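Sending over a structure as structure tokens; questions will come in a sec.
Here the chain labels run A, B, C, D, E and F in written order, and each chain numbers its own residues starting at 1.
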Amino acid sequence: MGWDPVVLFFVFGVVAGLLRSELKLPPALYETLSILLLLAIGLHGGVELAAQASPALVGQMLLVLVMGVVLPLIAFPLLRALRFGRVDAASVAAHYGSVSAGTFAVVVAYMLAEGVFFESYMPLFVAILEIPAILVGIVLARGLSTTTNWSELGREIFLGKSIVLLLGGLLIGVLAGKEAVAPLEPLYTSMFAPVLALFLLEMGLIASRHMGSLRESGLRLAIFALVMPWVGAAVGLGFATLMGLSVGGAAMLATLGASASYIAVPAAMRLALPEANPSLSLGASLGITFPFNIIFGIPLYLQAAQWLQAGV
Amino acid sequence: MGWDPVVLFFVFGVVAGLLRSELKLPPALYETLSILLLLAIGLHGGVELAAQASPALVGQMLLVLVMGVVLPLIAFPLLRALRFGRVDAASVAAHYGSVSAGTFAVVVAYMLAEGVFFESYMPLFVAILEIPAILVGIVLARGLSTTTNWSELGREIFLGKSIVLLLGGLLIGVLAGKEAVAPLEPLYTSMFAPVLALFLLEMGLIASRHMGSLRESGLRLAIFALVMPWVGAAVGLGFATLMGLSVGGAAMLATLGASASYIAVPAAMRLALPEANPSLSLGASLGITFPFNIIFGIPLYLQAAQWLQAGV
Amino acid sequence: MGWDPVVLFFVFGVVAGLLRSELKLPPALYETLSILLLLAIGLHGGVELAAQASPALVGQMLLVLVMGVVLPLIAFPLLRALRFGRVDAASVAAHYGSVSAGTFAVVVAYMLAEGVFFESYMPLFVAILEIPAILVGIVLARGLSTTTNWSELGREIFLGKSIVLLLGGLLIGVLAGKEAVAPLEPLYTSMFAPVLALFLLEMGLIASRHMGSLRESGLRLAIFALVMPWVGAAVGLGFATLMGLSVGGAAMLATLGASASYIAVPAAMRLALPEANPSLSLGASLGITFPFNIIFGIPLYLQAAQWLQAGV
Amino acid sequence: MADNNGTRTLLTIICEAVLETRLLHDLESLGAPGWTVSDARGRGSRGIRTAGWDNDGNVRVEVVCARELAVKLSEHVQQHFYQDYAMICFLTPVEVLRPHKF
Amino acid sequence: MADNNGTRTLLTIICEAVLETRLLHDLESLGAPGWTVSDARGRGSRGIRTAGWDNDGNVRVEVVCARELAVKLSEHVQQHFYQDYAMICFLTPVEVLRPHKF
Amino acid sequence: MADNNGTRTLLTIICEAVLETRLLHDLESLGAPGWTVSDARGRGSRGIRTAGWDNDGNVRVEVVCARELAVKLSEHVQQHFYQDYAMICFLTPVEVLRPHKF
């Protein structure tokens, strides 16, 4: 078997961007692709959730919530140790404590291609992991101050595009059930890989710009962006063990732990912590961590999950 | 079987809109989806028409044309009785005399899901029903005055986007025939439900805004928007009996009668009767009648058609 | 078998445009369609190339490169004989020496529908043919002057959107191989015809505008636009014989020879030879040659290739 | 015509998108030397226009021309469209290169 | 209020798109009679904003109003957003039809 | 440089989209402190530009800067692009906040 073509689309985008080619995707296409991915992930998860829901799930959801609080609390001191200012460290920590739906889409495609079983309600965990790190990040920067307009902020976070699409898709899947959703299956079967490939092409183009901006923000940031995925993955594997997930599920939770947000969190941080430098977080998350995860990380995390399970 | 996921997408859009979530679809996507729906409906109809055309069809087409004239003539006095001004009543009557291609797409998906047979050239009737109500509405507002620039108006109406796409698709289907169109079938098979679902998501977002605006225009409008679908459906069933349509065809003509335009007619009215208040028509048609039809109406109309046929 | 529906979509666009209908596709959709077509063509070619690559291919690629230099050198004197100014003649010659990816997509669909075998690495030749004519055109207009900023121009040409997408798709196909690309196959199987149909609808709308502009530029241009495809096709057939292509491959190279660019070259010429009148090239290429090729030309070229092979 | 020292007037019209074809037709027949259109959304006395879909966007039309013509165009627009359509328009003096173009 | 002879001020604000909702909310509560928004991209002291994706575009907001209000709006914007967000704003005198609208 | 009381000049250039990269490159190397671009369509002496597809749109470029620079930029543009490309440009005096930015 050759290279993964979906990952090659990302590399293609990076190369085209670095060569400063005229290639660019219309913004409406990028938006459409991310809407399709989020809906497809949610819908697929919901359909399966309807079939597999169990009381144990509630406990798992709580553990995932805790994981979403723990991750930024680990990232923050690491960033402070690397001498980032308080607000910048909090903002970057929020990005790494949250998750990247794009990375999740790649790990789904990878598991399907490798034929590895995973708990099909994983999309639920994506939605749960998106939020806590944002709140923790704000508290890390501001303390529990009263100047933050929490009600407005809450609306912006909980009703942000990606969470609404994920949860909307999930709910529709649960309410409609597998049989009724059948006509919509192309969204997460035949159309999933093509949509993901185009999405990654655009992500590559965007990432290439942020790689350039990394040169300025320098070595310390690059170190963090390469170290934190290992930490996040380890945390994810730990929680997966607590939750009793399958090998595939554990590898996916590790991937979620290792991934950093570049859609939902940047927008929330821009509004909640405007003095944080957005090019730090985006440079790290898009320019380094995202490529690292989809090219090297995911296979590694799967292997680690397999070793762990075998060792138990 | 669970809820219809396609309808759930509409509900999802309404809820996201009412909660004022950040979710919005790029306008280019909305346009693309409506182009795809109209072309798919037309093409599918044309392919089948080529196989089933018969002399009886000419008579049926004439009857449908009459139905398009009758509907606004019923709606207008009803609106006047509810004390709407002459021009506003004429404009709203034009909307309800015409049809909604979105509602038609939902009824097609519903009939296919329920396995109910219907005359496959129904899209032809959609195209025919679009226009007469517009002309009747203008005459109701203005009389046969000479100030209306009929030639320019005619061009705007007959060459409007939705009619051109429906008729273009139909003609291509007829000229090419089923075998040659095979490579394009995904447009009305595997892709139809996903496209419709996204379209309804956007319609839900739009409808939620118009529901808000209903509070102003008040009770009288809501009454009309809930009563008129029953009247229109009854008229549709009557004409279907005259035309000798199947149960499925009758239910679809009832749905067409019950549906109100929110794409072609608003644009035409804005130009032809600019002093009419557009938020009245859109509030009623999008905010009430469209949701009513796709959630409750369509199953009702099918049941009515079944009773009627059984009673004959 | 009826008319080719894909071609009918083009005709539909032309008619809708000439009737000045309100129909227009969102620009983002047009861009998306052309990106999808180019990627699909490249990817499909790459997948097959990986399976069939042979040393002979290098020789064939060189011959195609020569063909790309020869074509504008034939077109230029022809245009001068028709009394076009030097710069305009050079610019139009560059358009006709290069190729139209849209025409190539139509010939691919045609060959598949007719079940005619062709060398699957033809997309490689499309990419090769795009560039030389542009350079030849500039030299024809300017001589080997030093005022042209060749390095910047080279970047604009080699890194232009269509070449990058074609070559990117090709490379991904080659690197990933058929098995791994399987999940992306809908791009060049089930989705190819629908995407092409919509693309041709838009091309029809655009072409209709350029047909109007032809009236001004007059008869001489129309003569060239109708004669040159025959010349280009003959040259293509000649080179195909030298290269030992199959009947299908020969017909496709003839089509490439006969086709004129309307995407990559206009942009390059606008920057490199701004004083050339762009409506001349576009009027000829889009208003006449493109419709001629997809409606009449392609079947003719296939027949010619069949005769030629039979005669040998 | 008009002054020749390079001073012209920029007429900006913001109105519902459905008017575009008709408005441009009128501007052309009244002698506008050219126009530029871009898409917009907005809020005014007739409520919010979000440009989320077909019937709900605005366009922003600009015409650079001699002041007399700008006034004539804006008066025409005011008479024919102001009452029934969402619309505003305003004039700004601008300095142009190649004044003969306008 | 303000002068009545049809002279108003056009306030143009160009800023990151993420601010749109919040900015329009503020303009409205400070009394702006309306606004027009279009999408844009640009470069300034905070680098290039290409509008290639969600987090990376600008909006161009225009408000036509009395000069005092325009100054008040621009000062508010300056105090609340200038430091942390990519943003510029400028004022132009314009002549309006139907001045009572603004 | 220039006056310091907050008066600057807004240079607006409307031209074919294909020029965007090259034009912005020139503006930057001539010292423009920033720019804003939006997409547009239009009609002028070189016919209709509908923005329906790649080769057929306009862009609207705005630069706020000192008057001398605006004049220099517009003269450069006029010399290099006016003859062969669809293009207009005009200058408007504007009042800016934080004049040191421009």
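By our rule, contacts are C-beta pairs under 8 Å (C-beta built on N, C-alpha and C of every residue); 3 or more make two chains touch, one makes a residue touch a chain.
Everything numeric in this text was worked out from a predicted model, so none of it was measured.
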Stepping chain to touching chain, what's the minimum from chain A to chain C? 1
Farthest chain relative to chain B (centres taken as mean CA coordinates): F
If every chain is reduced to the average of its C-alpha atoms, which one ends up farthest from chain E? C
Express in whole angstrom the distance between the two chain centres, defined as the mean CA positions of chain A and chain E. 35
Whole-Å distance, C-alpha centre of chain D to that of chain F, is 20
Roughly how many whole angstrom separate the Cα centroids of chain A and chain F? 40
At which residue positions does chain B touch at least two other chains? 22, 24-28, 31, 190-191
Residues in chain E with touches to at least two other chains are numbered 38-39, 92
According to the definition already given, which pairs of chains are in contact? A-B, A-C, A-E, B-C, B-D, C-F, D-E, D-F, E-F
Okay, in this complex, where on chain E does chain D touch? 8, 10, 24, 28, 33-39, 64, 92-98, 101-102
The answer for chain E against chain A in the complex is residues 16, 18-19, 22, 47, 50-57, 81, 83-85
Help me check something: in the complex, which residues belonging to chain A touch chain C? 1-6, 8-9, 12, 16, 19-29, 109, 113, 190-194, 197-198
Interface residues, chain C side, partner chain F - complex: 24-25, 27, 30-31, 34, 202, 205-206, 209, 213, 263, 266-267, 270-271, 274-275, 278-279, 282
Which residues of chain D touch chain E in the complex? 12, 14, 38-45, 58, 60, 74-75, 78, 82, 88-92
